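Common to both upcoming complexes is subunit A, partnered first by subunit B, then by subunit C.
This part shows the complex of A and B:
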């Protein structure tokens, strides 16, 4: 099987509202940034392109097709799309390369969550007969999950506030962060409830923006003579859509994905976890069996800004950046999709 | 079982979601200019193609189009169809003509109506010009132009359609 190299990554600022910019205008700066990192012209210079986005966020059928205008698709290119976070577009691209159908791929994810009411929009991804007609929003579902954790004494509200305070502090070094700074546990705990037991600070601030990445075979990376990180393992697992059938306090799908991706086969210096709610970072750290010496979300994670449909790809990009900068030699990245961590992807990155 | 359960063949679960739609910076610029009766396209810095209405990028090259180009309201028919059936909620009574039109100086077509013409005489390469609504009715919309009507100019050869300069046939 061909080894996969990550050679470029770029992410936009996390904006509360991206102004007048449409999808193309959001995507283009990130594409040009990754092309420049490798010395490419446009999408003609890679073998495959795959994007991740969600048409429900724009409220227009086939809205993702407009994104193709950012690529330079004349003459025609090989292009695909997932109606998911772009971490899964990365997964599709890896399959494409491993099957020998491509040596390189461009991946991008984008979203304008500010166009609609995100928690309500996302309720429409629930099962269409029982849950979607009830309009149960994502924050309420996450609150149910947090309540179960608290009632079973699997964590405390202080533990959740500690996650928020650490992420905000780490985000001070993240130039793209929407939210960062020193904040005391006491002041977080003094905040009023939003959807009990969640406070506003427990919910990652949603943001508009885009992210892009280029991956290729190791041979191609050498040919381009660019620094790269090896993607040594990746897997994703999904749990049933029936929330009552799941143990919401334990992310079984993350555990399985971590096992097959080979998380435990070496030290985990850094873990970038896609935890849209503070208590979920704790569930994920346990599912990944992270030890005390692992730095969790040194970028601030999505608590710094949650770029819908790009945050998962960005977690992988953050670990990639630290490896090529020589800061670490091995790290883990995670992406999630669906209510209460329903679907999880785990990737292991190593220095070349 | 005492009672036979009724077959359920469907349930109604209406979806209402509200959005603040954004056309984009480039389309917004186009719309604010057409509010003033001016047709504004954008030129690709790489291949020089002019797009109207602009999306903010050259889809062929994948680069931003920032240079604005004011275009005349004369165009050429690239293709057309005569609509003979009534379309629900469309106030226009058939038969009517919709056409792909390329403005002089532009390299991409847009769809608009044709009128003040013999439907059976509409043809590819035909020269047309915009018939605007009265200025006081102008808004941020393409239908500030009511329709395009034929003008007395020679046809454009098929291989020249979409390649005319801003000055039109003479230029």
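This part shows the complex of A and C:
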């Protein structure tokens, strides 16, 4: 199968509120940034375009259609869209390249979660007959999961605070972060509860913004004469929606995806994990069987800012950036979707 | 080079105004179970599931693949959700096919659905947006002026749309799954029906339907494991263009012409009217048949209506290039599934498995879907013969 090279990535600042910026205004700066990294003019210079977004973020049917205006799709282009995090748009693009219908692809994700109350909006992801009418929000479901971890002594509240403190510290080097800085574990633990056992600091700050990436065949990367990282493995798996039928303290789907993606076939120097809640980073690092020498979320992860519908793609982009900068030679990125880590994608990136 | 892939199983639900007897999960599962039975396979034979539907606001369930995981036997498997506006049914089939054509999967299930009775599509499309003109129009209001422009340019007689409305309903009367069953429909009846969006009359518009459509797509080496004849995928293409831009050709969009040229090139088609045996084309409003006949190269610009009026696209009149033998979108319109139904019905024809609406000896068929402001296109060509 054809090797896939990642050649460009850019993400916006994580904004608490993007104000009046529309889809095109969110997307355009990121597209220009990735075009510039490769030396392309516009979407006409790639063979395929795929995006990820969610209509309910903007509160409009077909919100992604406006995004096409950012592409310069005249003459018409080969273009598709997933109602998922853009990490899955990347997955669709890989299929397109591997079937020989494209040598390069532009991928982008965007969201303006500030238009609504995200935890409540996402409660409408749940089973519409039995769960959605209860309006159980995402924070409450994550709290349920954290409580199970605590009750089974799989972690402590101090472990969770340590995740937050480390991510905030790492985010000091991330110019796009919404939250960063030195914060003591004691001060985090002294915070009042939000939804017990979660404190506000355990929840990733939701952000408006966008991210974009360009991938291609290795031959195309050489032709463009740009540095690249190899995407040596990628897989995604989903689990049952019935929370009562799932062991919430373990992520079986992450384990399955990691196996197919080949996480264990080499050292994992860096892991960028899409963990919207502190305890979920611990569940994920265990599911990925990460060792002590793996640097987890050196960008600050989504604790620095959770760009809805783009955070998964951004995790992959963060690992890519470290590989082409020569900081590391191999890393793992992860994306998630659904309540309590129901759906997980794992990608392995290596230096060329 | 894309790996060979074929449709080995097709499953549909009965299309109705309201399927109150099933939940959303029950609806998609019904189509999926039918497709698996048609393919002679079980859930364990499926490696991945690709699901598609039109906007989530049509049912009010955000990213419903999350909730539908269990109904589609997807636990522990990859699941992908496609959304490309009205073309989504076609796009979803193409994304599912790419799972196999890339060599990454051997057998996948793809399902699309809409349960329009759960809400009101027109209002779901009319949510007010900041800094945008507010429209309470729905799709008919959007397309009516474009149809008017086609009528002006082509000098087509006023009753071309009426003829299409009758022809597709007579086709639909042969298809027991079709939502509208109007075996006795007449030109007069269509003409007398209420004008909704001039020039589109009530009976020239598609219905609102509940329903789901599913297919199993397999790699070449697994095709023989399913008992029925396969439909080999001979070409796949998608194209997009913006909703509006200066000089945009809205009557015959370039994205549609480019998409058709691409899929024909792959399938070795030089004259679509001669080379294809039939086509399932997304015609939600009657006049879109002559418009797409031209856009897809079955007729010269301005001449599409003559094909329609001559009966060339009618199974009942023995036409040489029957369009929408299943009754098309004018008979059944579960929006998110409508594109996939076109793709699946094209496959049924070349499998020789289309029942009373079978085109005798069909070997090569086109499946077509479009969406947005006629700006997103998805097409495939399927054949009885292995390429």
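Keep this in mind: the second predicted complex is superposed on the first by the 352 of 352 C-alpha atoms of A that agree within 3 Å, B and C clash if a C-alpha of one lies under 4 Å from a C-alpha of the other, contacts with A are read in each partner's own complex, and residues count from 1 in each chain.
The definition used in the following text is that a residue touches a chain if its C-beta (ideal position, glycine included) is under 8 Å from a C-beta of that chain, and two chains touch if they have at least 3 such contacts.
Here the structure is a predicted model, which means the values were calculated and not measured.
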| item | value |
| --- | --- |
| Which superposed partner A:55 touches (first subunit B, second subunit C, both, neither) | second |
| More subunit A residues in contact - subunit B or subunit C | C |
| Touching partner for A:114 - first (subunit B), second (subunit C), both, neither | first |
| First, second, both or neither for A:191, with subunit B first and subunit C second | neither |
| Partner chain(s) touched by A:235 [first = subunit B, second = subunit C, both, neither] | second |
| Partner chain(s) touched by A:159 [first = subunit B, second = subunit C, both, neither] | neither |
| Subunit B versus subunit C as contact partner of A:82, first or second or both or neither | second |
| Partner chain in contact with A:253 - subunit B first, subunit C second, else both or neither | second |
| Which of subunit B and subunit C A:74 touches, first, second, both or neither | both |
| Which superposed partner A:22 touches (first subunit B, second subunit C, both, neither) | both |
| Residues on subunit A lying within both footprints (that of subunit B and that of subunit C) | 20, 22, 56, 58-60, 68-69, 71, 73-74, 121, 124, 128-129, 132 |
| Contact footprint of subunit B on subunit A as seen in their complex | 18-25, 28, 31-32, 42-43, 56, 58-60, 66, 68-74, 112, 114-117, 120-121, 124, 128-129, 132-133 |
| Complex contact set, residues of subunit A against subunit C | 1, 20, 22, 49, 54-56, 58-62, 64-65, 68-69, 71, 73-84, 88, 91-92, 94-96, 98-101, 121-122, 124-129, 132, 235-242, 252-253, 256, 337-339, 342-343 |
| List of subunit B residues in touch with subunit A within their complex | 11, 13, 15, 17-28, 55-64 |
| Of subunit C, residues touching subunit A in the complex | 1-3, 23-24, 54-70, 74-85, 91, 95, 98-99, 101-104, 124-125, 127, 129-131, 236-243, 245, 253-255, 258-259, 372, 375-376 |
